[in-house]
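Each chain carries a letter (A, B, C, D and E) given by its place in the written order, and its residues are counted from 1.
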Amino acid sequence: MILIWLIILQLGAGILSWLLSKRDNRLAAGIALTAVIACLLLTIQLFARFRPSFAGGGQWLMEYRADWIPAFGISFHLALDGLSLAMLLLTFFLGALAVLCSWKEIRQRAGFFYFNLLWTLAGITGVFLAIDLFLFYFFWEVMLIPMFFLIYIWGDTRRRYAAIKFFLFTQAGGLLMLLSILAMVIIHAGQAGRYSFDYADLLNTTLSPGTAKLIMGGYLLAFAIKLPVVPFHNWLPDAHGEAPTAGSLILAGLLLKTGAYGIIRFVITMFPEAAASVSWWAMLAGVIGIIYGAFLAYGQTDLKRLIAYTSVSHMGFVMLGAFSFSEMAMQGVVMQLLTHGISTGALFAIAGMLKERLHTRELGRMGGMWTTMPRMGGIAMLFTMASLGLPMLGNFIAEFFILMGAFQASVPLTVIASTGLVFAALYSLRMVQKVFLGPPSVENITFDLDARELVVLGALSVSIVLLGLFPQPVFDMITNVIRNLNHTYE
Amino acid sequence: MNELELQALLPFMVLAASSLVVILLIAFRLSHTVIQISGFMMMCLTVICMWLVRDTLPREIPPLLVIDGFAAFTTGLIVFVVLAVGLFSYIYFEEREENPKEYYILLFLATLGAAVLTVSKHFISLFIGLEILSISLYGLIGYLRNRNNAVEAGLKYLMLAALTSAFLLFGMALVYLETGSMDFAVIGRHVQSSGFSVLMILGIGILLVAVGFKLAFVPFHLWAADVYQGAPPPVTAFIATASKIGVFSVLLRFGQSLGLQNEQLLQGIFSFIAIASMIVGNLLALRQQNIKRLLAYSSIAHFGYLLVAFLPGNDNGETAALFYLLSYSVTLLCAFGIITIMSGTKQDAESVSFYQGLFWKQPILAVVLSVAMLSLAGIPLTAGFPAKFMVLASGVEDSRWIPVLVLVATSVIGLYYYLRVIGILFEKPEEETAATKVLHPFFYYATYTSLTVLMLAICWLGLFPGNVIDGIRQLLQLE
Amino acid sequence: MPEHQAYSIPLWPMLLYAGIVLILLSAILTLSYLLGQRHSERATAKPYEGGIEQTGSARLRFSAQFYLVAMLFVIFDVEAVFLMLWALGFWELGWPGYIGASIFVLQLVVVLIYEWGTGALNIGINPNKLMKVVRDHHKKSQQ
Amino acid sequence: MMSIQVSAVLIVAAILFVLGFIGVLTRKNILFMLISVEIMLNAAGLAFVAASAKWQQADGQVMFLFILAMAAAEVSVGLALVLQIYHQYKTLDIEKLNALKDE
Amino acid sequence: MTVMQHIWIVLGVLFVLLNIAAGLIWVERRLLALWQDRLGPNRAGPLGIFIVLADTLKLFFKEDWIPPFADKWVFITAPAIVAGSVLLSFVIIPFAPGIVVADLNVGLLFFLAMSSLGVYSIVLGGWASNNKYALLGAMRGASQMIAYEVFMGLSLMGVVMITGSFNMGDIVDAQKNVWFCFTQPLGFIIFFIAGVAETHRLPFDIPEAESELIAGFHAEYSGMKFGMFFIGEYLGITLISAMTVTLFFGGWHGPAFLPPLAWFALKTILFLGLFILLRASLPRPRYDQLIEYGWKVLLPVVLANLMITGAIALWLKST
């Protein structure tokens, strides 16, 4: 029951803040913040409650189920396992920060803004929890629409183009996934004699290898677009670049993760053989993503687009790790999801704060910020380091584990992927150099972080350091998940 | 004709009587309001009658009609649509130059025609229903006769509908010549025993051309956009929903009785038409700046989607089609309701740019329109999603991969223009326009409320389609 | 039909009759053409309009009333076709047919009432309207 | 009555139908288009009568009556629209009616 | 019956009809004169009967004028249509047992069809004349005739209902005991009124209306073409009289002291007289009065007649 409350709380708070927004923007933000923090606390409480049972017992820590459309065997089926729990923690953490980020940035129509923000978060929550495939698809789409509005209304100059492009790309993938789901359900119905969209039921469907490959293709494409894997990454820089800070934060920190989550939860688990048969290609795609993303990031002159391309690069690691079919790589992937969420989120937050001050995203018009904003410079430095994979920080562990795991699967690809780290260092340092070092530009007379911003960036910094130093709780959380995956590997 | 058959016919009689009642009311010079209200009551009475006679169904009324669950659903849907359209009509026509009263006669007659189509199982009833429907529609489309667009649209529709009737009749004649009967069931038996002869295929082909015209399938779609644009918005709403429901349901019944889907050639033609409609409809809609034209092209695409549900020719397909019709109708009513309520006395609110920034001026209307657009796009939380889902499911179940894939691809294209409309709603308004005075507060707010209710219905259908699907399946006696 | 033909009169006399009529008519026309006198004077080639010079074309625009009458004819004559069929099958159809026909006639009556009520059957000039026009004109000329 | 082959009647009907259709497609004057449509309708009616003769049923003839009625109704509305069109456009050329089109 | 007999019937019918048409001119003028208390034609021959001949000859020798502004062929065919269609209508009338040109079983419909063709001659004639008065007359005539066409058809349906047939022979047979003018009085009255209107005879001669439209639709006609309109009118009167007799007055039925044909002729002549009496005694209504009278009075009455007839007939049958 608590699972459904997580969703309802956000949906309700969204409506509430919209309705009350006429009075006061702050009130709307306050409601949103309260709701997300409440969810965060609930999730932390869940974490505490289930911590002892991470390693043992059945697949799910918690389940909620209600009939929805019985005629098609569709139920409102939510379940929580370690992976979802980890993702939920990330969701609410970043969600709360997103609200804080928008505190000042969003002045117009704030109520509707928070409504959309909260509904996106609710959709994401649903995606991480749903194990009825219809429901999964449902939430998958639900998180898009408010996101679309976030970009379309509060984005930058090219927001319309970006928003529509974002929506079309993801929707195209989503519909293919829907087809795959349907095909699978119908094959299952042929075998079991009844319709069911339930994850557990569909897991037991026997598919001929050819069919399995096709069906998996549908899923994989949807997730690959979302992730994004290189040929489908086109929407990402636009969307991330044009979105408001909170939007970018959620896009990079959370929406991309749903793709990765989907790959782990559905593609690899449901179609192990088919996934294995394409694993080399998938890893290749990952590696291309790493290199190509980094390469493009280096060439950007727009700060937000630069960060966006780093996401492409980092998500390449996820692809690489997920398809290398090793326990270690999988741990690395989950770790990467969390740390990338935090580090890129932080970078976007910083970019947003810079934009608030300078009204530009152009790297060329920045420079010498360190002198005027040492605190921000320091934190930015920290996250740049995190992003390029400095040891002691979370990202290092993630990428290290992934590369280690992938090494067992394919040596050449791993080697090439490792060069991506070098590129990462290049673009990260270029960014820091352009923004914070160098001669201060004339118009950059501005002020350093205020308390709210400090809280945001501080929380992010602490968490990235903590993850780097104490990754074990995360690994604990997903023991069970990985054990299950191991079954399928065999 | 025995008593039970008479009972089963009761709703249709009430429906027929309603236009007579309106005629008499006009003859005795009663006001528009009285006519509106009594028309509303008659429609409600029809619904009540349907409720009362539900136990006597299904019942055949030889030789022309059959009133079964399927017909009950589609007729109910049509009457529901007309309730809404009638309500929208009040403010629209009260504020126009034309005397609004005769409009209701034609509206109810058209309703009767559509309803007759849903219950017909014989060429004669099919033909009569179709003609009652189309001839009333000519009048409805050209109702604002002093506007060039309206008469032009009316005439274009008339030309095409007359052509359609000719095709329909010739096709029927050929089928009749071949089988010696005009009863669907008998023709079906003939087909079962002796297959499709050349003449038969030719006849059915010509007949389907006619149906294709009426439903505006590609390549018979040329009239759709013009008529949608030229007709008054409530009428357009009617054409887009009720009239198409009627024709589509007769197509479904005809297809089922004959097993059209089992014939390879016809199967191929249907697939082709479906694919072409989806592609062309969506592509043409992309560039439209006029929201009525946009909806016209989108309706072409939507009926392409519906054909995908028709293709398998099985129960799931039928359920999907009915659900799709339901959700589509509710959605389009919303959209056209907005157009109606937004239209000024001189000009209809047709241009997309007219809606710029609506969200910041009239948030509720904008939300209604957005929900409608999302529903058309088939996004979850709205009725369009389960509808499209079911259509896809029925296509996938029957392994109709090409149409299904085209459906997916084209709905992504479609998404673009729906999003564009939604986007415009959320743009910054151009300038602050002074709020126009509401001329007829009661009906204005009634329309406003009904739009909100319709929007909630869309969401409800999107969230909890289970009950409705079960209901449809029960009506179709699948359980 | 076949049994009826046994005692009925065959069709050909009718064709013969029609042929003779045709010949007769053309004969009369030709004969009068041949026999008739010819003359051409000042006003011969002018239309006869009561001795007054014709002004304007004879292709007048007519009141829509004529169109309305034509429509009424089309509607009611087509309805008459159905009533004729009913009349033909009157004894076979019996009471059910009678009920059907009375519903049909009832609809016709309703339509008639409508036409009446909306003034479609007032063919001539409405005297009240005419008087109003005259009065208006009068008033205007006085000012 | 001479017994005429059903197929012969059908061929006549088909020819009429096609002629009418060609008329609709090629004519530009609305009135002629309407007339062409009437020809098509009557061709269909003829086919019905032929079919009804073939099967010795009255159904086809009944259908013909309905066609008549419908054609009459259609023409009355059609002529009304034509009058209105002429009133507004001063032409009956269908190609001059082009206010409604894609932008 | 032999072929020759058929041919004789055909020729006989035609001969009689043409003579009646011509003779009626004289009869009418004499009767009008009688009723209007004047002499009428009385010079040529006994009682002036040769006036018929004189008129005919005169018409033949009058100028056969086709106005240069007229539509030539339409102008010529228009009068032929009226004469031809009325003449053709007579084929279905059973003058006596066995004396009928064509015993069609859709006889009544044939009559209705042929009589409605008459409207073409008026419209075409008036239109082709290219004369304002002619066109006005034609339009009036057209609306009058098509309006009354409806009632004419419907007024006969009571007869058809009782008989169950469109065949004129059957209808006459059905009146062996009771003439339909007793069972169908309303039908008879309406049919007769509609008949007068259909033939646009006085008092319903609105298309011609000499006092307002000069001569209406045939203002430009002269010579034998005018004569044909004339013949058409008188044949029309005869047709309506004959039809009234056939449909409502028992046709050739009658007490045995006279042969059937004589009964038929007698009754028809009575109605011809009635036509002339109408002309002599009634003023012409206005155009709008005539049309309104049709829609507002005749149509409801004729529908009521149908329903009442049906109800009574079925009730009688069931008891």
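Everything below uses one rule, namely that contacts are C-beta pairs under 8 Å (C-beta built on N, C-alpha and C of every residue); 3 or more make two chains touch, one makes a residue touch a chain.
Nothing here was measured: the structure is a model prediction, and the numbers come from that model.
Colleague: Smallest number of touch links from chain D to reach chain E?
Modeller: Step count on the best path from chain D to chain E: 2.
Colleague: Please identify each chain that touches chain A as well as chain E.
Modeller: Chains that touch both chain A and chain E, as defined above, do not exist here.
Colleague: Any chance you could name the chains that touch chain A and chain C both?
Modeller: Under the touch definition, chain A and chain C have B as mutual neighbours.
Colleague: If you tally the C-beta contacts for B-D and for B-C, which one comes out higher?
Modeller: B-D
Colleague: Please indicate which chain is farthest from chain A, where distance is taken between mean Cα coordinates of the chains.
Modeller: So the farthest one, by centre of C-alpha atoms, is E.
Colleague: So the centre of each chain is just the mean of its C-alpha atoms; given that, what is the distance between chain A and chain D in Å?
Modeller: Averaging C-alpha atoms per chain gives centres 64 Å apart.
Colleague: When the centre of a chain is set as the mean of its C-alpha atoms, what distance in Å lies between chain C and chain E?
Modeller: 15
Colleague: Centroid from C-alpha atoms only, then distance chain C to chain D, rounded to Å. What do you get?
Modeller: From the centre of chain C to the centre of chain D is 23 Å.
Colleague: Taking the mean of the C-alpha atoms as each chain's centre, how many Å separate chain B from chain E?
Modeller: 53
Colleague: Which parts of chain D, given as residue numbers and ranges, touch two or more other chains?
Modeller: 73
Colleague: Write out all the pairs of touching chains, ordered by chain label.
Modeller: A-B, B-C, B-D, C-D, C-E
Colleague: Within the complex, which stretch of chain B touches chain C?
Modeller: Where chain B meets chain C, its residues are 1, 20, 23-24, 26-29.
Colleague: Report the residues of chain D in contact with chain C in the complex, numbered from low to high.
Modeller: Touching chain C from chain D are residues 1, 65, 68-69, 72-73, 75-76, 79-80, 83.
Colleague: Quick check: in the complex, which residue numbers of chain B touch chain D?
Modeller: Touch list, chain B to chain D: 123-124, 127-128, 131, 135, 138-139, 142, 145-146, 148-149, 151-156, 158-159, 161-163, 165-167, 169-170, 172-174, 176-177, 180-182, 225-226, 229-230, 284, 287-290, 293.
Colleague: For the complex, give me every residue of chain E touching chain C.
Modeller: 1, 6-7, 9-11, 13-14, 18, 59-65, 67-69, 76, 80, 83-84, 87-88, 91, 98, 100-105, 109, 129-136, 139, 142-143, 146-147, 149-150, 153-154, 157-158, 160-162, 164-166, 169, 214, 219-220, 223-225, 227-228, 286-289, 291-292, 295-296, 299-300, 303, 306-307, 310-311, 313-314, 317
Colleague: Where on chain A does chain B make contact in their complex?
Modeller: Interface residues on the chain A side: 67-72, 74, 109, 134, 137-139, 141-142, 144-145, 148-149, 152-153, 160, 163-164, 167-168, 171-172, 175-176, 178-179, 182-183, 185-186.
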